[in-house]
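What follows is a set of structures to go through.
Below, subunit A partners subunit B and then partners subunit C, in two separate complexes.
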Partner chain A sequence: MSERLVVIGGGGAGIAAATIAKRVAPDMKVTLFTEFEDIAYSPCGIPFVHGREIEKFENLFLSTVERYVEDGLDMRMETTVTDLDLDKRTVSFKGQTEGFDKLVIATGFVWEKPSVPGANLDGLHYVKNIRQAMEFDKLLDDMKKAVVIGATPLGVEMAGNLGHRGLEVHFVDEGPWALHEVLDPDVAQPVHESLEKRGVTLHFGTTLNEFLGDGNGRVRAVSTSAGEIECDVVIVCLHKLPNNDLAAAAGVKVGSTGGIMVNERMETSVPGVWAAGDVIEVPHGLTLIPIRGLTGSHAYAQGRTAGANAAGEHRAYDPVWVPWGLVGGDYTIGGFSLGETLATAVGVPYVVAKGVGVSRARYFPGATRTNVKLLAEPGTLKLIGAQIHGGEGVKERCDFLAFTAKRGATLHDIAWMENIYSPPIGALFEPMAIAAQNGLAELKKAGQL
Partner chain B sequence: MSEPGGIKRRFRATTERYLTIAAFEAMRGRYPDAGSRPPAYRQNAFWSRVFVPVYARIPWSVKQKVMKASGMTARGWTPPPREPGTPWRPPAPK
Partner chain C sequence: MSERLVVIGGGGAGIAAATIAKRVAPDMKVTLFTEFEDIAYSPCGIPFVHGREIEKFENLFLSTVERYVEDGLDMRMETTVTDLDLDKRTVSFKGQTEGFDKLVIATGFVWEKPSVPGANLDGLHYVKNIRQAMEFDKLLDDMKKAVVIGATPLGVEMAGNLGHRGLEVHFVDEGPWALHEVLDPDVAQPVHESLEKRGVTLHFGTTLNEFLGDGNGRVRAVSTSAGEIECDVVIVCLHKLPNNDLAAAAGVKVGSTGGIMVNERMETSVPGVWAAGDVIEVPHGLTLIPIRGLTGSHAYAQGRTAGANAAGEHRAYDPVWVPWGLVGGDYTIGGFSLGETLATAVGVPYVVAKGVGVSRARYFPGATRTNVKLLAEPGTLKLIGAQIHGGEGVKERCDFLAFTAKRGATLHDIAWMENIYSPPIGALFEPMAIAAQNGLAELKKAGQL
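Moving on to the complex of A and B:
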């Protein structure tokens, strides 16, 4: 009898694990369980359909259930696994029980809910499921005022997109600036300006007190430390929490972030059980402190590692340097690893190198300013983080810097790197090199070089 | 009795919260014109007035050792060497 692999979860990590396992071991029986009706779509694109930058939700689908069935996967759609017995090696669902030899847990995340009165009122919307988003999008046509709670990446995208759609948007967070958990205030400033241009009113440093109902069970306003904000809808964009109840109840070890602990092969504490995606924690490349709640590309890569190893290969996943980026309003921001705020909080010593360049030849139409801030380890000057803001090319620079930092590149390496000069796509002076050169000059001036 | 993992999670969440709030204030001082607002978090005096200043005085190398010894860093992982010039290696054969 062929070996049986069960994958729980149909997001990026789950589908990657299932498809790679089947590819590596074609004789393996691979069964994927998902509680949802759909699979293989990009939830990250949902805010941009609401903002009408993407025409329709159907464009977000990347594949179909039928396609995976053709590839040999046993797809159990709308089937929630309700119990997991790791001694008997069984999963339970819809009153049935089925056995497995190997298991990949990719149950993803659930949204943190606000812990204030009124959090169960109708009219509080969470962005996750595409079918709910389709229905919600129709309702948005008749709405005028929205409150977005949580200055997280999703919060910034939802606030900017609803503003783009023409709604009056109020953006509320206790923190001091947008994306304060990853972004430095100097980089957040242009994001604030861009959001305000889209009609978003910022309420940072503002405590959420209560959601106020209309007497019929629906939210009509949000009570905050800065006063009451009337609204038609509230979009809740707080933290992603690992959806680990099933795994933890079955005895899989959970770490200091609440995510499932895995080693570099994505193996959990239980032999024959792997995990991947938003439900796990992985170490940060510099500090080796476990972190979680990363991007879809991290989830997919972890799923591939878990699936390949479950199918008998020996693949390792590296600690993460977390390149990230997003569009806040009309402005692109990004970075990797640590910014000044996070480095200060953790207590990691650093020196800063800053510079401004252009994304293509300055005379070429469409050129944008590219602001680069590099963080390096004092002494060795090895890169440990960066934040970049501007227009085009932010994403590629962040990917590049994360990779070079992982390999130990220093400010010296970046200062004298080669770069492409071609007027439509690249300027003579690379902005990252300008920043590194400036940083080295400052260190020399300060007698630290 | 609380399970050990739960205590570790709560400790980490609490310390992260207070260290981050202190970092916000440091950044607001460093970038006074960036348009940020004073954060509105409720705070406990022990963590903000005792833990944060003590943590700030401990050198990073000592913090790293303590984190490792207390199991706050990941186990079962081999970070790639961060030495310039170290060539990429193909995965080990099965």
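Moving on to the complex of A and C:
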């Protein structure tokens, strides 16, 4: 009998694990369980369909169940795994039990629910499943006022997109600025301005007290430390929590973040059991502190690692340097690893190098300002983080910096990097190099170089 | 008496050298000679003003003579240095002679003239001086047919821009495709298509025979191996030759490319004499073969190195990995170091990794295809070159690849790089990673991994 691999979860990590395992070991029987009816769509696109920036939900589908079946995968759609026995090596679902030889857990995340009264009222919406989003989108046509709770990346995207759609949006967060856990205030500022231009009212530093019902079990307002805000709907965008119940109950070790602990091969504390995606924690490249809640591209790469290893290869997944980026309102921000806020919070010493450049020749139509802040280790001047805001090229520059920081690049390296100068696509001076040069000049002036 | 530095040349290299020297050594007397009336404008923007993509020539001016004078530079505008005596340490100009202690030669380039009959006729235009360009632009209003000679970067930009302006453009080059000395044919193809859409007729593989006059000393047609092409004007865009006459006559050593030889400090064969920009040659990072004719950003960085060292610092300029990029028609191409054509020509063995990705999530408006070809050293799989074509992010990716190749990055590193996935700015899979993964998969299939 051929070896049996079971993958639990149909998101990016699960799909990647199943696909790569089948490719590496075509004789393996690969079964994938998902509780949903759909597979291989882009949940990250949902806010932009609500905001009418993407025409329709159908565009978000990237593949079909049939396609995976053709590739030889045993796809169990709308099938929730309810029990996992790691001694007997079985999964249970719909009253049945099936055996496996190897297992990949990719059960993803669940949204944190607000811990205030009224959190179970109707009208509190969570963004996740595309079918629910399609239904919800129809309801939005008749809604006028929305409250978005939580200035997380999803919160910023939902607030901006609902504003773009013409709703009156109230954006509520306890923190002093958007994404305050990771973002520096100077980088948050242009996002705030852009959200306000889209009709979003910001309520930062504002505590959530209660969701108020209309007497029929539906939310009618949100009570906050800044007063009561009437609304037709509440979008809850708090933290993503690891969906670890099944794994933890089966005896798989869970770490300090709540994520499943894995080694560099994505193998859990139980031999023959791998895990990947939003349900795991991985070490940060600089601090080696376990972190979780990364992006879809991380989930996919972890899934590939887990799947390949489950199929007999020996791949390693490196600690992460976490390039990130998003569009808040109409404004692009990004970074990698630490900003000043996070570096200060975790006690990592740093020197700062700041500069402003342009994305094309200054005089070329479409040129936008690119604001770069680099953080470096005092003494060695090795890069340890960055935050960038501006128009074009933020994503590419943050990918670049994360890659080079991982390999020990210093402010000197960036200050003297070669760069393309061609008026329609690049300015004489690369913005990252400007920042590094400024930083070195200041260190020199201060006698620290 | 304070030390006297003379800089010959007012382009990017000269300006950078003079500025940085004054900053490093404020007591130094820094004198800059330029034959032109203007300083600190962007010659690279000229084709785009002709093409009406940039509104007016005035936009290309980045600074003023007065500004440099305020910074303490002694600016000698419209002053051609006619003689250089390195024993007496003097420069001669307008019948006068002045002494110097240190010298930076930044005399730039001159355009190669066609070596066929009729090359001295009126109506042959060379793109360089902004005042001439302003006059020429007025004449263009009454012209209908232009012949562009030479599918160099400038030739591609001029042909595309004159087409954009509505002229009938004939683009003539001996080579089989645009930029055939450096570009691979698959990357040239979309540029050809875009130029043709702009009304440019391509005459590649076509030899230039003669420029035909109208009897009044003005060009009326170009005779080629593919027949006679009538025209109102000819734009000559051949090679950039080092403007080395003054330096060579004074005894400064010139290398195999015709460029002035410099060490890593940009110092010439004559102590106390530095050189920078289009007049010098520098080693290629991979082959260590001397090359020249790089970009404005290279000229500027070399000028900074020369100027800082002339002022007493000890800076080194590294061998170059030459990221490059340009827009041909409406299509962006780029690369770094070697493509297949050049690698084959110089006998560098390579393996190829190819892939196609998208610049944003596939479904997001504005997403464009990004075609990546990576060249790696057989065995070590270290990057040795790349060519990219597509829409957004070509410049940033080529800068990235040049930087990481210089530091020994391999196909494995690129295949597993972290990347930002956020629908409006980046796709789930980074195009460079796709190419590297494909290349590794093919090597594995071929048993070479």
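Keep this in mind: the second predicted complex is superposed on the first by the 449 of 449 C-alpha atoms of A that agree within 3 Å, B and C clash if a C-alpha of one lies under 4 Å from a C-alpha of the other, contacts with A are read in each partner's own complex, and residues count from 1 in each chain.
By definition in this document, a residue touches a chain if its C-beta (ideal position, glycine included) is under 8 Å from a C-beta of that chain, and two chains touch if they have at least 3 such contacts.
Everything quoted here is computed from the prediction, not taken from an experiment.
> Output check: A:E264 vs subunit B and subunit C. Expected answer is one of first, second, both, neither. What do you get?
first
> Under the stated touch criterion, which partner chain does A:V327 make contact with: subunit B (first), subunit C (second), both, or neither?
second
> Just subunit B (first), just subunit C (second), both, or neither: which does A:D186 touch?
In the superposition, A:D186 touches subunit B alone.
> Looking at A:D318 after the superposition, I want to know if it touches subunit B, subunit C, both of them or none. Which is it: first, second, both, neither?
Both partners, subunit B and subunit C.
> Just checking: does A:V254 make contact with subunit B only, subunit C only, both, or neither of them? Give me first, second, both or neither.
Once the two structures are laid over each other on A, A:V254 reaches subunit B alone.
> Examine A:R407 and indicate which partner it touches, taking first as subunit B and second as subunit C; both and neither are also allowed.
both
> Residues on subunit A in contact with subunit B in one complex and with subunit C in the other?
Looking at subunit A, the two contact sets intersect at 318, 407, 409, 413.
> Mind pulling up the subunit B residues that touch subunit A in the complex?
Subunit B reaches subunit A through residues 5, 8-9, 12, 16, 19-20, 22-24, 26-28, 30-31, 34-41, 55-56, 58, 60, 63-64, 67-68, 72-84, 86, 91-92, 94.
> What residues of subunit A sit close enough to touch subunit B in their complex?
Against subunit B, subunit A makes touches at 174-177, 180-181, 184-186, 188-189, 192, 204-207, 225, 253-258, 261-264, 267, 281-283, 285, 287-290, 312-316, 318-319, 340-342, 344-349, 382, 405-410, 413.
> Going by the contact rule at the top, pick out the subunit C residues touching subunit A in the complex.
12, 42, 44-45, 48, 53-54, 59-60, 62, 295-298, 300-301, 318, 320-327, 332, 334, 361-365, 392-400, 402-404, 407, 409, 413, 416-426, 428-430
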